[in-house]
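Here chain A shows up in two complexes: once beside chain B, once beside chain C.
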Partner chain A sequence: MDNQTISPRQFMFLVILFTIGSSILIIPTPLALEARQDAWLSVIVAILVGLLLSLFYSKVGKEAEGKTFVQAAQYAFGPWIGRVLNLFYLMFLYILSALVLRNIGDFMTTQIIPETPLQFTHILFLLVIIAGAYLGIEAMGRSAEIFIPWMVLLLIFMVISVAPQINMEHLKPHFENGIWPPIKASGIVIGTPYLEMITLLMIYPYVKEGIKKTHGWMLGSVIGGLALLLITLISLLVLGADLTGLNAYPTYKVGEKINIAGFLEGLEIIIAIIWMITIFFKLIILVYSTTVGVAQFLNMDDHRPLLLPLGMGTVVLSIIAYPDVAYFETFVGETWSAYALTHGLLLPLVLLVGLLVRKKFSKRKQT
Partner chain B sequence: MDKGSTDQPTSSLLYSSLNDNVTMVTKRLGESSDLVVRHISINKTPCAVLYMDGLVDKNTVQEYIMEALMLDMPSKRASVKALYEKIKTASLPIGELSEVEHIDELLHRLLSGETILLIDKEKKALVASTKGWRDRGVQESTAESVIRGPKEAFNETLRTNTALLRRKIRDSNLRMDAKKIGKMTQTDIAVAYLEGTAEDSVVRDVHKRLENIDIDGVLESGYIEEYIQDAQYSPFPTVYYSEKPDTIAAGILEGRVAIIVDGTPEVLLVPALFVNFFQSSEDYYQRADIGTLIRILRLVCFCIALFMPALYIAFTTFHQEMIPAPLLISLAAQREGVPFPAFVEALIMELTFEILREAGIRLPKPVGSAVSIVGALVLGQSAVQAGLVSPAMVIVVAITAISSFVIPAYNMAIPIRMIRFVFMVLAATFGLYGIILGMIALVFHLCSLKSFGVPYMSPFAPFVAKDQKDVLIRFPHWGLFSRPTSIAKNNETRTNPNSKES
Partner chain C sequence: MTSSWVRISLIIICLSLLSGCWNSNELDELGIAVSVAIDKNDEGDYLVAVQVINPSEIATDAPTNRPPVSTYSTTGETLLDAFRRLSAKSPRQIYFSQMRLVIIGSKLAEEGVMPSLDFLYRDHEFRTSFYVAVAKNAPAEVMLSIVTPYEKIPANKIMNSIDNVQKNWGVSKGVSIDKLIADVRDKGKSPVLPGIDLLGDPEVGNNMSNVENVDAPTKLEVDHLAAFKEDRLVGWLSEMESQGLNYATGDVRSTIVTHPCDDEGTISVEILRTQSSMKSKMDGSTPEVTIMVEAEGNVAEVDCKIDLGSPESIQEVNKEVEKQIEKTIQSSVTAAQEELESDFLGLGSAVHRDNPTYWKSVEDEWDQQFTELDVSIEVKAKIRRKGNSTQPINKEG
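And now, the complex of A and B:
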């Protein structure tokens, strides 16, 4: 859309923040429900799959030759069939952004500011997102560079201060129900965030050229995955599988347990800050990708006029997307994996095949 | 366009008759009272010496022009042409001597404080540089005081200022490009930089932006700053200024470009990064370890000045559960009799403080102490005793205010003052949620800024590992081996680290 570019390192930071994103908030509970004390193993399995996925996505990105997903689809399949594919892709992005927005809204209104109505929480969040997306990908990449050190510091601080409460017994016995449940549960982590990384194909062309692009993506997804692993492990070690599975926000519960010298307590706000920052970045990447995608879908020169109307739609969609948290949890556990698999794996596979065929076709035409 | 009658030159060239020329000049200047016209005759040729009273150095005019022309001229009669050549080459013991042919040029030189010699039947005029007016000399800096380091400051005269810089950097590559801006003030501007060190594109950009300025008058470098800054609608400054020659010289050595404006001691420096506003020249004069700690302290103070009242509001209004119990009890006891919500309380105190600060700046010195007594004792003490505000609030406002004074650059403290109120509103409406979102928005805004093509937040974003040696941490001078690469990429090496005593 614009001529801004980001460096491979900034891209890696964006991948990290995108991977941690809302997953840090919603993953430990369903994981602990399904895989019990072996939940952390699921995350490791998921990281491996995520690594393969990021390799696959950057392959698609490379074949697209500097085109975004939307442009590439319209190039490979022609304007009409390509637009049908794009319709699915953009709907996926749009629904995902509404869900992510709702995640942070739910958390805020239940834990931090219970007096504030959900709508206003969403509106404020989205206003800042729109302002950020208006500034473009360059500002996003640079802000990620500013926030990453803070995230690392806050995470380390949290782990150290909660360390006295760790109980290794919580992880035993290993493989209580065999090896299958942790592998099955890894689908949750693969679905959210790894299959959602398809979004990044919209900003991949804006990363400066170089082999480091692929490395950045892979490294980013691994580092992000390790952060998720750390969070899951800490939840399990401090709370145990039962409490982790029962709490809506187990990590937040862990934060409440921080107590330094009997005076510094209530540091769960640190967790909330980490969440807000990661979710902010995930959402801004989603909103930016969606608007740029819609703009390219409509052959518009500038995506900025679309930010406000699409954002208004996102707020409404986020409110009506699901009625309550319980509904959402079944949705994440049962529906989302399949939905994400279709759009995160099938769609890019189709695109990749299309691009390769197109490449061969145009080569033959030349000779 | 309405052009005044004085603006219309009947002829841009000088007349050959002396009287016509003198009449023309006096008429164009509206028979101004400070124009001095002295008719003399040299070897029976009528001549006239013209200068503006007060703009010239009278001694120079007296000794080197009047005496030379009236007493020391040989009495041998010569043609006008020969006389003119004689005066030009031999008779006037003045360093800068030039000739003009145009009336407008002549008027401009006259108004700049130069002395004009007109000779009858000669269509050229001789112009001798006799500029000399009262300035206040090189004095100690009042706005940026230091404990260790040079105390001198720029003054209002451009030449003095360029000389101060030349005395610090005796390199033949130091350039002082001259410019004139302001249709009426014709203010002299000098663009100073080190050729080969400063980025050529930045120098060209500075020249281009300066040339684009169309304004009637430039009275202070702030006029120039508002025209050339990148972010016109951002509260954050993207142009650095200082009145200390050592600060500006250090900037030039780093490859920055300085813009010196006649009539003001504040010299501009571009490109300016966010971190520059948190660095003081003294960081480099004191030992490196304390320089590092002070810089970190300044950033902490930046955060305190920006967030402290907002955090107080958010915690006491929304998140009481996050305050440790003993502290909460003490806070609640203090706030018991206070009739206002925390936000209103904070707003009252912050506004009071802003009023006191503004009054303190404008007040004549003898009354100043009265304000501080009234402010500190009467307002602070009695507001608490009257139960209008809680003591904790007073502490918060005080630490906020003091923190904002820690930041060395005054123009960086201004956005903090303004944005603080935005954060207070966010805290009062959305609590911590609002503050964090505001903080994210602030970071995004800062990251989107640029100063003359250089990202404002570099070397943090984009991260430049090499430049970190002189940002938060200040390495000892032998460790500052390269110039900041985000500013200029030429001529990188600064020092050989091995040249230190090991």
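And now, the complex of A and C:
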């Protein structure tokens, strides 16, 4: 909003963190339930689809010519129809941010602080997010640069320290039920996080110009996907497909199994730190995009006054979004893919068509 | 001016938010549980005993005559119910994250352990790194009330003993709870658990005077493995059968193989590392499972007049060791297929891994199918060194 820019490199880091955030928490379990020991294949398929999606989103971003999704829609379809589209888009973002917040809250209350009421975890977490979003996209980009090495280090540390417990036999037999179940299960990963990347169209215009923008997006989604692949593989190799599917947070269980020379134990909190960092960034991108989107929707000059009120709404929405975890599991398994598909694929497709038609129209006018 | 006021008030707000933790538990308000015993009584209620460490006795330079641990026991309709009822007896809230060991009573083990595992795996306070064992010759809760010499915390003693037996002898092994659950749920594998024996009079072992003797009259000992079928205890393996199982699953790290040599006397080989694999191959319409074991070791103790200088005699010893290990594994296979009819070797998992199509057709009746399974054993022994002496010392040079 305020002429801040980030470099393509920072954008790539944000894409990586956005891809890993919250998916790292919620995808191994449903993947292992559906695709059993072939779950790793689902992630690979999803990475390929994610690559195509990021290419497609960059194309939309490029056609928007420096406009955010909200501005572009209002430009291409006029203020009224454009606003209807934006209403859907912003609602998707808003619900998504509430769900992501609830993910981390559920995790904290299940594994670490069960007696603390959910809303306090949410409020504290969101306060930091709001402070970050208040500082704007530049601060977000720079902090991503600071945190990425830590996340990579922790991830590497975790993989190395559980390496002795890896059992390659857990991956056998390959393709027990044919190739179809793992491909079908890849829908889970495509829905979370790849289709959610449409959010990034809100910050895409703030990335400095250059072809590197597209590369950054593609590379970021692949690197993030590889991290998800690593996490899924580690869960499968250490716990086996059966226990991965049985556990709500399998990677956390993997962390519990870290045992270095009998005295370095109980390092599962490392996993929690990785989750906190990545989810922090996913949520800050979501909150920032939603707020900027709403500000542009309302023709406001500054998004900052909206942060607090929208944040309050997010906390409430995250509490009432679903009554219990079983509801959420069904929601992610059955409803989310369709919801993400309409908003992550259909919506930008409509926008792209609108932008192209508009472009042709105005060109003809000029000549 | 206003901005500094805003800052100060922000700091105060932050301070009030960050001052405490909702879930704070002070260390001096927690009873740290190291071991839990679970059994069922005759009414079908859960019987639970918890061993809690006595921090002032563990971390002190001037120990008193109070025991280093205390046990509390109670009964309850479910496990959680029983655990919460403990609060009436224990002065502190019991904290389970440091738990090392769960001892299951033989009555519960025969009835099926799965119902009690759910809670231990679901609750967030339990880590997955603790071992599960079966109390063999005494009630599980009695095992917890034995004061052990040398190692102050009995649970640590048992856990260390299990690790030691696994590392140096290979006739038992530690089984963590997630391994146990995975094995129970796996149709092609049945779990095993280490057993624990009580030697001596439990009344004596309950008293601190037990450890005032150089040779404590009451002790806890790690026994061989208990074989399960699904989640029910079906029988105990002998020393040889337990070792055979560990060879087959690759859990033997170091052990001793002794065999007669020449006409009289024996020769012992110290196995230093083993590697094993289990492969299944379709032989017509039925699968055949091959257990392959590679063992590497040194000559360790010789009590005969063998000529250790010649490569031929080392080859001879190699062959004998191979034969011995094969016999050990065979005894385990026989126990699995004929005596206990429980696939604790994981032969079904091998079939599942290598012949998934065939596995689908027999998965549900594997219990009956596997007793007919052809199992072949291939052992390769490699003796590398013979210690400090080049020849047996009773051999005339």
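Quick note on the criterion: the second predicted complex is superposed on the first by the 367 of 367 C-alpha atoms of A that agree within 3 Å, B and C clash if a C-alpha of one lies under 4 Å from a C-alpha of the other, contacts with A are read in each partner's own complex, and residues count from 1 in each chain.
In this text, a contact is a pair of C-beta atoms (placed from the backbone, for glycine too) under 8 Å apart; a residue touches a chain by one contact, two chains touch by 3 or more.
Predicted model, so just to flag it, every value in this text is computed and none were measured.
In the superposition on chain A, A:K257 makes contact with chain C only, not with chain B. Shared-chain residue A:G240: touches chain C; no touch with chain B.
Judged by the touch definition given at the top, the superposed model places A:T110 against chain C, while chain B stays out of reach.
In the superposition on chain A, A:G266 makes contact with both chain B and chain C. After overlaying the two complexes on the shared chain, residue contacts for A:L124 are found with chain B and with chain C alike. Once the two complexes are overlaid on the shared chain, A:P173 sits against chain C while remaining clear of chain B. In the superposed model, B is the one of chain B and chain C that contacts more residues of chain A.
After overlaying the two complexes on the shared chain, residue contacts for A:E334 are found with neither chain B nor chain C. Comparing which residues of chain A touch chain B with which touch chain C, the overlap comprises 112-113, 115-116, 120, 124, 265-266, 268. Contacts from chain A toward chain C in the complex involve residues 110-117, 120, 124, 169, 172-173, 176, 239-240, 242-243, 246, 253, 256-257, 259, 265-266, 268. Interface of chain C with chain A (complex): residues 17, 21-23, 97, 124, 127-129, 178, 181-182, 185-186, 349, 352-356, 359. On chain B, the positions that touch chain A within their shared complex are 318-319, 321-324, 326, 430-434, 436-438, 440-441, 443-445, 447-448, 455, 457, 460-463.
Here chain A touches chain B in the complex through residues 7, 9-10, 108, 112-113, 115-116, 120-121, 124-125, 128, 131-132, 135-136, 138-147, 263-266, 268-269, 272-273, 276-277, 280, going by the rule given at the top.
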